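Next up, some structures in structure tokens.
Heads up, the next two complexes both have chain A, just with different partners, chain B and then chain C.
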Partner chain A sequence: MGKKLFRYSEENKDKFLESDNITFNDGSVVTPEEIWDYLTVEGPVKYPGTYEINLSQGNRDSRDETLSTSLKTHYLSLTFSARMEKAKESGKTIAFIQGGQAVDPYTAADTIALRPFLVGQWYHGREHGNDIYKSVLRRKQSKESAFHDMSFEACQTGGYEHVQVGDLPIDVIAPYTVLRCSDVSYGVEAHRHGPNKDVKLINVDYPMRHQADKPWAIEYFAQNLRKLVKTLDEVRGKTTTEYDLLRAIKLHNEGRRLGNELADLWWSTDIPPTNSDDRNSLVALANLDMHGDVQASLSVLKEAKNIIAERVKNGVKGHAVTDNPKRLFILGSCVGINESRSEDAGAIVVGKDDQWSHCTSIVEEEGDPYYNLAKATLEYPYEQSIEKRAQWTIEQIKKSRADGVIFIHNWGCNTQAAISRPIVDFIKRETGIPTYIHERDLHGLRDEQEQNRVNAFIEML
Partner chain B sequence: MSISGNYFAGVDVGSLAAKSVILKDGEIFATGLVPSGVNSVESGLNALNLALETAGLQKEDLTYIVGTGYGRVSAPYANKAVTEITCHAKGTNYLHPSVRTIIDMGGQDCKAIRIDQDGAVVDFAMNDKCAAGTGRFLEVMAGVFKVKLEDLGAIALSATDTVPMSSTCTVFAESETISLVARGEKPENILNGIHHSIANRIAGLFSRVGIESDVFFSGGVAKNSGMKAAIEQALKVTIVKPEIDPQLIGALGAAVIARNFSKKEGLWA
Partner chain C sequence: MSIKTLEIVRKRLEERPEELREARKKGQKVVGWTGYNVPEEIIHALGFIPVRIAVGGDDRLVEVGARYASSKTCVFIREIVGAFAENEDPYIQQTDFLAFDATCLQNYRAAEVIEYFFKKDVVVLAVPRNFAEDDAKTYFVHEANEFTRLLEERAGIALDPARLAESVALYNDIRKTLKSIYTFQAAKDNVISWEEVYDLIQAGELLDKHEYLSLLHQTLAELKERHHNPVIESDDGDSRIFISGSLIPRGDRKLISIINSVGGRIVGDDLWSGILPHLDLDIKEISPAGVALGYLNRTPHAALPYLNLESDRRLKKLHELLSQSKAQGVIYHTLRYCDPFTFKAKETKNVLAKSGIPLLEIHTEYAGSDYEAMKTRVEAFVEMIRIKSESVQEEAA
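Coming up: the complex of A and B.
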């Protein structure tokens, strides 16, 4: 029996066609008409799983079709794999990154930086026609072989696995060895001892023990960033100048500023202007690293900010948002909750700390760009001591007027698991807001048990 | 038969049993308890039909139904679904308003729940990752000793000694138990040790949420007298005597919530 698929309704087409184009890194443009055609004709055939109505995978039978940028982020996700293939064919350098860094240096060196999740998306997007079940199964298979080849204790090993077995033409592995991510070590070791040593490896050493105020640490990290760019230049056979980095910083600062403005607008009203899923996918654009194309992310982000401003002005409530939902702030690396099911239980996600921490750190544009970038990166609130990180989180919680905090850590995410309790205790002590810690199981499936706890927490609020 | 009054039902579909409670005018009117089958919709309906039959009612006579337990997600017969944590809190508060702490041990998980005077959840901790402290674990142990599940507690209480268990992992505990039997330890002493090690494991859940009197023990495992005694010892508390079968508390809470919802939605004044 065929699965029931969501369809974009023709009713909203004319309005969508009036919206902005998406402009890509290479200067090419897609029009709303082309996007509409893709989403209504090609997309459902190639990726039926993303249209399948399946609440446990977060897919509703209706979506916010009047939010044009929501359709555009969907388009960017669906075309991701094909765009990566095309970029590779045209000689682009592609780096595997990990450790939660901002991608300014990669942009400067004309390199596409992909986090583990995106590496998986590239690989899995190559196969067409899969329903949700088959897609999940395929991802689990990658993970199983990664467990076998690397470590059973690692979380996001799938990406390394694709590099190791040569599934994907990744040119360089360039993670930050930062304390937040215990997974980096497994992947890096696996790469050292694995069969595919042709792929270059560079570790960008992030000084531990919270040295943001120490000039030596900033200098040391700036040196590491120079080494990173030099390595990327060796791989691609071109030279990146300081001016290139400054331009990249300015571009990313624009994204970060827009992201902050968008979030402030969203938080400025009691009526959530979008649902959690749409909010997250729009705010996530701010680091310009979500879709393998910084310009494309920026152009959708610009449009999104204007739409949110308009919605806030007119008191528009986001699609499927309940009246007076309980506002949740989610903490932890590489995680999120099942937003649609949590919304059905009467909640809304109003913020996350992980990537948002980078977004709030604007890089100084005067002076040595390497030094400035190193300084800003070392100051990411997420990477600070427990107390400082908790203080910053409290500020975000207050701004977003969250009613409850959920800290989720993946099984195998050792640092986040270790610090979750003291952070949450600090927040609870200072704000009195109810908190909840959840350990996500090995495969990261958004299963019933997890939802049961989240729903119980929402009911408690 | 002419039906008068407002009837509210709660249906709790757990991994081992499906339970239902029907409330009439604020009183427990009928209950149903059946083993859970593979089809959770069917199990819930069976439990509900049993209670309806006892009460002499039709499903249409019910003003509002709330589903809970793991089967609540697919409960087309229910008007609303609520987690069992909230339901155990409400059900306990309905019967025992002085209770502030609940230990709930069901077929596949156990929970430590703190509640306020209105039965609202203040905090909770849950173990659903490991079988230790669940009905399933005790089922395995009953299998090892070839005794009935419901007799386990009484056997443990007849012990003259406590044989310490080094593991609460179902797999390791099973092989450890077999070794202890082979070593000549008495079954009742081993079972006593098993109950105590589970109770100590549960005490760990309370290190985070804390304990405040009165304390109540709900869920299917609460019928096990040996477990009750071991928990009282581990937590240094006296557990409030349940007024009804403690396995029905979740369904009762769901029925209470059904009454509250229907009031809110104007279905009942």
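Coming up: the complex of A and C.
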């Protein structure tokens, strides 16, 4: 039996062509016409898997084709690998970072900062013509090699499989070793052996436990940020000034503010203006790192905010959203539930803590930019003590008017798993909202069993 | 072999919980501590009774702990959390408050979970990942001062430098004596086994420190009397094993007993529940900062990443201890979900292979179900070492 494939319908083309261009870091521009061509001609050939309608991968048989920014984020994802190759050819520095951190210092040092998911996206995007099955197999194979070299209990392998085994030209492994992740610093260390062991390594040391109130901790992290920038400068052979950092902070503050405004707009109405996937892909733009090009992310984010404002004003309901869906807030690390299938079961995802907490920390623009950035970073709600983090989460739950909370974590994610119960316990105690903790299977695909449990929770709500 | 003082140590351990109860009745406070970089001398100098929270080997408690932390937390921490949940451990019962560090993130999470669910007062010492760098040391000094301030608050007194100097001298003497005792276990015709020394080291985590030191001196005197010239070299047919990797706390003797049961002789370790934390601790200045830096500058714990393989002090120390103990092979013990050690297993194996030292990784938990499988692997490894060493001896003859 042939695979069912999704195609953008010509019906929406004219409207889409009226939407905004995407402007990139290097000043180049891509027009809606070019985007449309790519999505309808080149994209399906290169990446047939992403056009496959396969419920276990979360693809619907239809998408919100009237949401122009959704097409643009799809375009940016599909062109990601080619754009990274091009950036490398033109001499750009590329760094491996951790999820859940801001990228202001990397932007200041004219460096593309890629978190684990994006490093994987680059690597896997190099191979064309794969269907879902082949893509998944390829991902599993490369992960296996990292497990073999490190630990089968690893969740985060620090991009080892791509940089060491896979020969991806990352210049520097330079994540914040934020508390969220148990594995990242061991992953960084693992790069000291392997075929590309000369890749530059730096741990941007994020201290823990009530640190945001301690001047010496802020100073220490600021010093780490200075070292990070110096390392990036060594790689690229140029100097980053404090003014460059301030400019980067201002740029990223703009992204963060827009992201917050967009989220507030989305939450302001009872009628969800987009479905969960679209919400997620738009809010994720706030950190400006999502597509390896801060300006491109910013331009799509600006357009998205205006569209959401318009939809909210006109009471437009997002594509495939059921009436009065149960509103879910998702907690945990680096993983989420299958959003479209959960929507089919009568729910909608209204927010997540992961990839969001750091977007809520706006950096002060007056004074020493390193100190300011360090302070804002140490204030990430996700990295605080159980009570503080849970309090912040409750605020988000209230703002988003969630009906239920799911804490989901990856197999092998020790540090998030370890506090899933206390966090959820606190939230339940304070709000009375039903909660559910789920562990994603070992290196798992989103399987039926997981969905059954999520569906049962939705049903219970 | 029977060193008489060891009998006394065992007896004193049996009496210790009751003694702590009595001491608390008289107003003394017991601090339960865990973490590689917790500067125990500061706790001691403030008049607290330090006891180390390190229990293992009980699969049932691991299950209990998983209900509060998670099934993906390392086995050791799960058992600790389980032990707090049940509150039946005689030492845990006696703790007035806790002092944890964040060397290993899982240890830090344990502090949070215990604080949250069991309403324990926990003082946490943060530990920098970039521990070898100057600014990290400056940061750690601030943290050590803060840690001391929080302890002073609980003690109701300020830290007296003279008392700190006394505690440092006491602990230095303990470390020095332990090192001397340790040499005897690895010697030819040894009169004390590694296992006995290991138990003796762990007894020090619980006993009164002054008494412990005098017991150590007594042990050393006995050893010197029984063994005049301890020379570290192989006995005929020895299979000299070195244990590395995740800690093996009191209560967990599975791997050790397996090694013994298949005829392996353990002659050294770099476990943080063994000799390692007692080595190379050089306190240059009598102050919280001086003590804390002494701790931080020791051989680093595997949870602290070291980005240069060539100069990795942990591996250097391992080589040094292997050569001192004349060990012929390493059994690298990794506990389930202990990332700091499992991530390094293969790398350590490759590094040691360059020096011709074989390494066997044993990945395990506290359940007994893998006992036979472990035994088969350890037996084959011990046998392999024996054959190798016999053939070396034959060649030399």
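To be clear about the criterion, the second predicted complex is superposed on the first by the 454 of 461 C-alpha atoms of A that agree within 3 Å, B and C clash if a C-alpha of one lies under 4 Å from a C-alpha of the other, contacts with A are read in each partner's own complex, and residues count from 1 in each chain.
Definition applied: contacts are C-beta pairs under 8 Å (C-beta built on N, C-alpha and C of every residue); 3 or more make two chains touch, one makes a residue touch a chain.
Since the structure is predicted, the reported quantities are computational estimates derived from the model, not experimental observations.
Looking at the shared chain after the overlay, A:P381 reaches neither chain B nor chain C.
Once the two complexes are laid over each other on the shared chain, residue contacts for A:P116 go to neither chain B nor chain C.
Of the two partner chains, chain B is the only one touched by A:M460; chain C is not.
Set against each other, chain B and chain C touch different numbers of residues in chain A, with C touching more. By the touch criterion defined above, A:S182 lies against chain C but remains apart from chain B after alignment on the C-alpha atoms of chain A.
Applying the stated contact rule after C-alpha superposition, one finds that A:A417 touches chain C and leaves chain B untouched. Once chain A of one complex is fitted onto chain A of the other, the partner contacts of A:G332 are absent, as it touches neither chain B nor chain C. In the superposition on chain A, contact of A:N452 is made with chain B only, not with chain C. Of the two partner chains, chain C is the only one touched by A:R192; chain B is not. Overlap of the chain B and chain C interfaces on chain A: residues 439. Within the complex, the chain A residues that touch chain B are 434, 439, 441, 448-449, 452-453, 455-456, 459-460.
Residues 70, 73, 82-86, 109, 120-124, 126, 128-129 of chain B are the ones touching chain A in the complex. Those residues of chain C that touch chain A in the complex are listed here as 67-74, 77, 102, 105-106, 108-110, 112-113, 115-117, 124, 126, 128-130, 135-136, 138-139, 142-143, 146, 305-309, 312, 336-337, 339-340, 342-347, 350. Chain A contributes residues 148-151, 153-154, 177, 179, 182-183, 185-190, 192-193, 197, 201-203, 205, 207-209, 211, 214, 216-217, 219-220, 223-224, 385-387, 409, 411-415, 417-422, 425-426, 439 to its touches with chain C in the complex.
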